[in-house]
Structures are given as structure tokens and as C-alpha cells.
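First subunit A sits with subunit B, and in the next complex the same chain sits with subunit C.
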Partner chain A sequence: MTRWITPISTAIATGVGIIVLVGYFVPAAWILDLRALFLRWAVILAGLTLLVGIFNLLAVHGRKVYSLNKESWSSLALIIALVGTAGVIAWQQTHSAAALWILNWILIPAESSLMAVLAVILIYAAARLLYRRKTVFSVIFLVTVVIVLSGSVPFWGTFIPFVHDRLLGWIISVPAMAGARGLLLGMALGIIATGIRLLTGNQHPYDG
Partner chain B sequence: MSRIDALGLGFILIFAGGMLIFHLLIRKWTVFSFRSITGLARLRQRVLSSIEDGKRVHISLGKHSLLSQEGAAALAGLRLADEISRLSALSDHPAHITSGDAPVSILSRDGNKAVYRNMDHEERFDPCAAYMSGVTAFSYVAGSLAEVVDPQTAVNVLLGGFGSEIGLLADAADQRQTLTTCGTSSLAGQSVLYAVADQPLLGEEIYAADAYLQPQTTQTSAALRMQDIFRWMLVVLILAGIAARFAGVL
Partner chain C sequence: MMDNPQDQQDDTPQKKEAVPGLEDVLPLNAAMFEADEILPVPFSVDISEPQHKHIGLLERMLAQENEGTPPPAQPPKAEYHPDSFQRFLRLAIGLILILTITANILYSNRSPSAALAVPSEIVQTRTILRGLSSESMVLVAFDYEPGFSAEMEPLAAAVFQDILTTQAVPVILSTSPLGTLQAARLMQKIQPPTARQPIYLGYLPGGAAGLMSLTNSLRNTFPLDVDGESPWLPDSANPKLQAINSIADFAAVIVLSADAENARNWLEQVQPALNKTPFIFALSAQAAPLIRPYLSGNQLQGMIGGVIGAHAYQEPKQPNAMLQMTWDGFAAGVWVAVAFIVCGSGISLVLLSDPARKKRRKQRQKRRLP
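The block that comes next holds the complex of A and B.
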């Protein structure tokens, strides 16, 4: 049965995609209404898939707990935390003191500590860059990082005069902006190609 | 319709028409060769050799929403994930796919299932092989790290919509000395990857990844050819604009 469902789902996805795309260019009222309706449905569906994703995550970690290996303890901790948080929020609402306590004293500190680890990793990686990739571009990258950082942060309460006033602004508005626009133009072409492949049914990631 | 809207629609229609023409040309006459991208050059061989060694490929598709502008990067990652899943489907350790966005995780599971169905081995499909490892940026990274550092993982493919948090995954993969192919659509993520990873994919290279894994696909080749043509057209237009500005025409 699934074999003949694929062309139907491709036709629906293509049709909806074309209407949404045309809605960006043709300001006819009925197309704009239809586009808004389809986008609302997409947002609702995305919300529902979050529930499916969480149940899937529970199943993955439930299996790890059941397999009794060295990862089982962390999987068990995840399940207890997930069920516990869901229970607290279901019982006392999202803005309750208990829910905010979980957010402020567990979630935010945990994520902040990972952010701090990332900062350390980046400093270490930048220091290692010339060792692992000895190219002119690596040197330019490192010199630019040093200039931008030293121009952005005060040293003992004072900014480095020329670097902060002139050089930093020039780097951000000329070479960095040019590079970013070059990358974005290339990516925009890639996005258009991906979109066209979806709209023409060449790629259909929904046929399982 | 305003003039700029007409121009945008015309741009997309010409792009689509060009892709169709190249698709027909490639199918009839010739196979175009691709320029070398170091980050993708050894991916196919390493995926196949990891399967032979009884090891696993881990693919991570990022956390950006499919409904956002970065959704196209997740779709490019999904194409690559489908291809790697196809290559490793009948091995002892099929590919594992993690993501931080629920719709992307469902699509990756769907694609994985389709691979097994097309091979008439649907009974071997593992519903836990593709999953959402976390909802926020760092919880997703923490969940995916378990797969990245798993001793069974020989190849890590990090391709999709990541922010700067991709640095944590790329660094962990680097510490484990697995082959890592990584690319993201965000500029912050790309700058982090440039420092952390050996051969990061930059700019539009992430949208070309599946073509390097399966070079005989004519649709992908046609899309890449049109991207190259339009890129050169844009370069010429920008240079012409600069020249016109200098000449005082604009």
C-alpha cells in the first residue's frame, strides 16, 4: 500500500509547496490566505511532532536502560529527569515556582556550563590551528581573531586606540561583510536548488 | 506583482529550467566531473570501509527547525543520511541519525524505513536508529555526544543547521580520531568549524554533499551545474556593478 501512497504524498507536498512559493511573489488575496493556512497547519504539525520525538527519545533510552551496559545509568537519569519535569509542569503549570526552579537551577546552569566548555575548546582550537593546518588562510583567520578580540574588549579599562576606533569597524564592515555575503550568496543558490528539487518531486524525504 | 517580485520569480523559473535542461543533457550524453572538495573526497570510501570493519556511521542533522531558513541545510543532511543509510542498511551496525528538531527526526526515521522497504528488508528496520537527542541547542549536543564518542562509531557526519554548538561535537569527534565530515548553514557555526575541524564544508558545499557520495545521480549533478553557472553570473554582475560605480554610471 505504501508504494502507491508515495506519489500521492509527493503530489500533495509539491502542490502545497508551489502555493506557498507563489504566495511570496503574487499578492493575490486568496493565495495569501491559502499560504497562511498551510503555514499554520505546518506549525501545528511541527508542535505535534515534538511529542512524537520525545516519546521516541524515551524509547531509545528505555532500550539503553534495558540493555544494562555502562550507558544505562545516564539513560536512566535522563528518563527520570524527563518524566519528573513533565510531571511537575503537568501538576503545577509552566510558570509555577517548581518549574521555574528546574529552569533556573538545573537547565540554565547546565547549558551555560556547556557554553563555557565551548569557549575553552575554541581558544584551544585557535591555538592549535597553525599546528594542524599551516596555510595563509589560517594565519589570516588567527590575526583577524586577535585584532577583533583586542578591539572589542578593554584592557584595564581602556580600549586600544587605533584598533578599537578604526581597524575593528573596518574589518567588520568591509572584509568580514564581503566574506559573509559571498558565503550567503553561495548558500542561497544551494537553498534554491534544494527547494526546486523538493517542488519537482526529485527529493521526497517523507516516503517511509 | 512588483518588479522585484517578478525578478525573483523569474530567477527561480530560469534556475528550474536550467536544472531540467542539464538533467536531460547529463542523462543523454555525458557525466560531469565535480571539483575536489577535501571534506567530501574520502567520505564514501570511509563509510564503506567502516561497514567492512563492523563499525557504525553516525549522522547528526543539527537543531535548526525545518520551518526556518536553515531548514534547507537539514534537507541536504537528510539526503546524505538516506544515502549513508542505504549503504550501511544490511551491515551489522546500521547508521545512527540524531537531530535536535522533531520534524527532522521524524523525516530521518521515515527515510531510514524507506531504505529498508526498498530493499525488501523492512523487518530489519530499527525505529530507535534515528531519534531526536535533545530539544534545546546544548541538550541536543549532550544527547548526540554519546553517539559521537561511541567506540562503535568510525565516521561522524555533522551536516545540517547547527550554531556554534557544533564545535563541541566536532571537537569530541576529533578527540576520538574518527573521520569527521562537518558543515552547517550558519555563519557562526562555519567560523567555529574552521577553527575546530580539519576539513569543514563551507558555504554551499553542504548542499553538494550527497552528489559526492552518489555521483551518478543526474538530478544532483544538474543542480550543482546550475549553481556553478549562477554563481559565475552573480560574480560577473557584482564586478560589473563595481565597474559601473567607478565609472559613475550607477
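The block that comes next holds the complex of A and C.
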């Protein structure tokens, strides 16, 4: 049975992919309608996967609670938080006062704390970089970091003249722009290669 | 019935014997090996004096083995622990940052700080947003997670201040499940009571596919708003939305994003369908450099990047209150970071120039290797 699934799923994925791709180049009404239909299905499926993910999370942590080990308490807290939030949103509206309370007093403080810890770790790592890895590129990296940071904000109400006016602008518009363009071109090439592999059936991640 | 002829031979007498065919020569009887004690064999050996000594030594060694040897003396514990020092350093950095930023937020005089050099893309953004009218409908995407609120909200507030001043109607959607809620939070903070109510279309799942669907058919992608009502009907809360059939009908499309990947999706899927509709990005400082090439390629009409961009966007005469509150703290935090990096790098160079310390460090690294 499974040997039939792979060619069928590959044929469906390739067919749908080709129709969506052709829709970009051929403005025929029926192709555009078909493409719009496929995309609406994709959006609905993506919404459903979110729900499936939530139910899977509930099931995994439900099993952990049932097994009564030392991880059970954190799993129980997660289930209570998930059910409580879902209950509040279902009972009230999506942007109600209760939902905003959860955002203001739980989600934003928790996520912002993690970002703050990340900032401390990054400063610490940058301060110790030369001790761990004394190379030319480390020195270039650190000098760039210091120039960009010190050129971006005023020191006692005054910007550092040459750094803010000239050096920062040059770093942003020449080396940073060149690096960003290189990254974007690399990503585009990678996406094209993956797309061709999917359309020709050489790669089929949908087999399961 | 025996399947294997080999099995038939298993019970033959030959199999029971150690040497098949030679019965009773080497009888394999287990009972023969069961002995309670080993009988002394009468024999005498002449042992010399040195051999006596060796025997004694061996007996003592065996006796000591049974007693168990005491653990070898441990060297006294070193007072310096690299891990605890590093933990202390991280704590110190965190504490100094917290104190500096808090003091600057609490005791800042909120005076207008030095004027930043305003880049051309920010001037363009300002011109587009201030050119909106009360008839304009503006599509705004709130695509950032709650962790980025501290950075993105002053940015969003700078943009929304102009939209609300011109009385244009913001139509809000998000590709993040919490985006609509973030928009509601911002509106609660900055919206004056006289301003027009925004229209919340809600969450758009599917990433790039969702954005493509939005481009192809706006009304089919969002048949209902977050309140479960159709915003496209003539008797809806905002009848002006009747004039909007596609994404190109909006007066401007603004994306507030903290993620370069997400911003790239908007550029690739939505921008080609916009025709002459201005496309503006307000991005976090981490996403802005990756999107800047699209700006020089004229695929974007305006861009603001990070808190620094928001600071450059605001007019000195009309300061953004949310930004003013945090700007001094932000600037102080950045300078503390610079100080730590410069001092840390300097100390590292001094420490590395000491040959004895270098040697100890190499030995430590060798010990850590498995």
C-alpha cells in the first residue's frame, strides 16, 4: 500500500506546484482561479495545522502529567495556562480586556525577559570574544560593533561627529548592504534549487 | 516428526559423552565435580629464605587489597573557579545595565536630544504618511511577537501618530496569531478618543501562501473580521471598505515586522501586486539591514529601522511620548554595552599577552577535551 502513496503524493504536489507557478506567467482566467483555490486551501490547512499542533501539545503534556514524574508539574502548569487562555479568548473577544491583560502581564514580560537575558549574554560574549578567539576577523567584528553602536546614539546629548555622520553611513550602505545582498542572493538560489527538486519529484517531504 | 535429521542424533549416547564413541573414557558426569572441600595433597617443597620473604610480601599485598586502599590525597581545592567567575561577570553586566537604564528612565529630563541625521527613506515615509487624507484606507500588518514590543511599539506609535492625525482609517491584519492583540494594545495607548476606529481583519495563516492568497483575493481571504462580521457589506461599520476590492486599492500598505524572513515574504508576494500604492516597512534593528537592498531597488517607498529610526522619524517639535520615555535609557544602555565590550577586549588582550597565563589556559583546554 505504502509504495503507491509516494508516487500519488508526488504527482499531486508537483501538479499543484506547477499550476501555482504557471499562474505567475500565464494570466489565463482558469489558471488564476485554480491557483486562488489552491492557495485558499493552503491557508485553511495552515490554520488547521496550528490547531493540530495545539492538540498534540495537549496530548504530550497530558501523558507527562499522567506518568507522575518530576516533569509533571510543569506540564500541568502548561495545560492549565493553555486551557485558561483558550477559555478566556473563547468566552470574551480576541481583543477583549481579558485577552489584553494576558498579553500585558504574562506574554510581554515573559518574552521580554528572555530578550533581556539574550542582550546580557551577547554583551558578555562580545567582551570575551578576543580571549576565546584572537583572530583578525574577531577584531574586525568588534571594531564594527563598537563603531555602529557608538555612532547610533548620542553621548551626553551629542553625537560623535565623524562616526555618526560618515563612518556609520558608510558601514550601513557599503559592507552591510553588500553582505545583505549576498545573503539574499544565496537564499534565492537555495529556494530555486529546492523548488526545482520539489517540482521534479526529486524531493518529497510530504511522504510522512 | 523430525524436520531436521540432525536433531534425530541429539539423543544418541554419543552426544552425552565428551568424546563420542569412547564410552567411559571421559565420563561427563556433573556430580563428579561437586566437591565440598579440596583434599590436601601430600607433598613437600623445599622453600628458600628469599622465597619465604616473597611469599610474605604477596600475602601482605593480598591482605591490603581486601582492606581497601585509602583514596589518594586530593590537592587542595583551587580558590579560583572559572565558571563561578563567569557567572559573576554575567550578573554584574546584567545588574549594571538594569541600574543604568532604570536610572535614565526615572531621572531623564525628557529634553529633546541631539538631532539625528535623517536618512532619505525616512523623509519619504514621512511625506507619504502625512499626505494621507480622511478618505484614505491604510492596510497595516502587525507582524511582531510580544518579545519585540519594547522596540516595535515606539516605531509603530511614530507611524500611527501620523495615520491618526490625518484621520485615515487603519485596516489591521497580522501573520502572527498575536498580532491583532498587539495592535489593540497599541491603540489603547495612543489612540485619541476622536480618532477613527481601526478595522481588525485578524490573523492570516499560511506564511507566504497566505500572503499570496491575500494578493489574489483580499475579500475571499478575509470573508469575516475578528468580530465574526463581514466588513465588506454595505451596512458594515465602515462602508468605505466597499471601495476596496484588491490590495492595490489601499492608500498605503505598511508592514511592522521584527523578522527579516517575514518582511521578505511581504516583498516577494505582495509588492508586485501593489502597482503605485506606496509600500512602507517599519522594521526592528535586526531585520532592517537585510531588507535595505530592496529599498535601493525601489521596491519599497519608505522604511524605518529600529528605535533609532523611530527617533529620526519624529519631529523635534512633536516628540513621540512613548519614544521619549525610553530613548535616554536606550542610549545609556548602548553606551554601557560599548564600555563592556571595549574593556573586555582590552583585558582579554592583556591577559593573552602573559605567557604563563596562556600556558595555563592551554592546559585547562586540554583537560576539558574528552
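Operating definition for what follows: the second predicted complex is superposed on the first by the 204 of 208 C-alpha atoms of A that agree within 3 Å, B and C clash if a C-alpha of one lies under 4 Å from a C-alpha of the other, contacts with A are read in each partner's own complex, and residues count from 1 in each chain.
Note that in this section a contact is a pair of C-beta atoms (placed from the backbone, for glycine too) under 8 Å apart; a residue touches a chain by one contact, two chains touch by 3 or more.
These figures come from a predicted structure and were not determined experimentally.
Q: Who does A:Val146 touch here: subunit B (first), subunit C (second), both, or neither?
A: Second partner only, subunit C.
Q: Between subunit B and subunit C, whom does A:Val163 touch in the aligned arrangement: first, second, both, or neither?
A: It touches nothing on subunit B or subunit C.
Q: Can A:Leu34 be said to touch subunit B (first), subunit C (second), both, or neither?
A: neither
Q: One more residue to check, A:Ala46. First (subunit B), second (subunit C), both or neither?
A: Touch partners of A:Ala46: subunit B and subunit C.
Q: Just checking: does A:Leu183 make contact with subunit B only, subunit C only, both, or neither of them? Give me first, second, both or neither.
A: So A:Leu183 meets both subunit B and subunit C here.
Q: Is A:Ile121 touching the first partner subunit B, the second partner subunit C, both, or neither of them?
A: A:Ile121 contacts both subunit B and subunit C.
Q: Give one of first, second, both or neither to describe whether A:Gln203 is in contact with subunit B, with subunit C, with both, or with none.
A: In the superposition, A:Gln203 touches subunit B alone.
Q: A:Leu130 in the overlay: touching subunit B, subunit C, both, or neither? Say first, second, both or neither.
A: second
Q: Using the touch definition from the top, say if A:Leu82 reaches subunit B (first), subunit C (second), both or neither.
A: So A:Leu82 meets neither subunit B nor subunit C here.
Q: Return the residues of subunit A at which the contacts from subunit B and from subunit C coincide.
A: On subunit A, the residues that contact subunit B in one structure and subunit C in the other are 42-43, 45-46, 50, 107, 111, 114-115, 117, 121, 126, 129, 180, 183-184, 187.
Q: List the residues on subunit A that touch subunit C in their complex, please.
A: Against subunit C, subunit A makes touches at 20, 32, 35-36, 39-40, 42-43, 45-47, 50, 93-95, 99-100, 103-104, 107-108, 111-112, 114-117, 119-121, 123-124, 126-131, 134, 142, 145-146, 149-150, 152-155, 157-159, 164-165, 169, 172, 176-177, 179-181, 183-184, 187.
Q: Contact residues on subunit C for subunit A in the complex?
A: 86, 89-90, 93-94, 97, 111, 113-114, 116-117, 145-150, 177-178, 180-185, 188, 200, 202, 204-207, 209-210, 212-213, 216-217, 220-221, 226-227, 264, 289-293, 296, 308, 330-331, 334-335, 337-338, 340-345, 347-349, 351-352
Q: Can you list the residues on subunit B that touch subunit A in the complex?
A: Spelled out, the residues of subunit B in touch with subunit A are 1, 5-6, 8-9, 11-12, 15-16, 19, 65-67, 69, 72, 75-76, 78-79, 82, 102-103, 105-107, 109-114, 117, 127-128, 131-133, 135-139, 141-143, 146, 164-165, 167-168, 171, 185, 187, 190, 192, 194-196, 198, 202-204, 206-208, 219, 223-224, 226-227, 230-231, 234.
Q: What part of subunit A is in contact with subunit B in the complex they form?
A: It comes out as residues 2, 21, 24-27, 42-43, 45-46, 49-54, 56-57, 59-60, 63, 71, 74, 107, 110-111, 114-115, 117-118, 121-122, 125-126, 129, 132-133, 141, 180, 182-187, 189-200, 202-203, 205-208.
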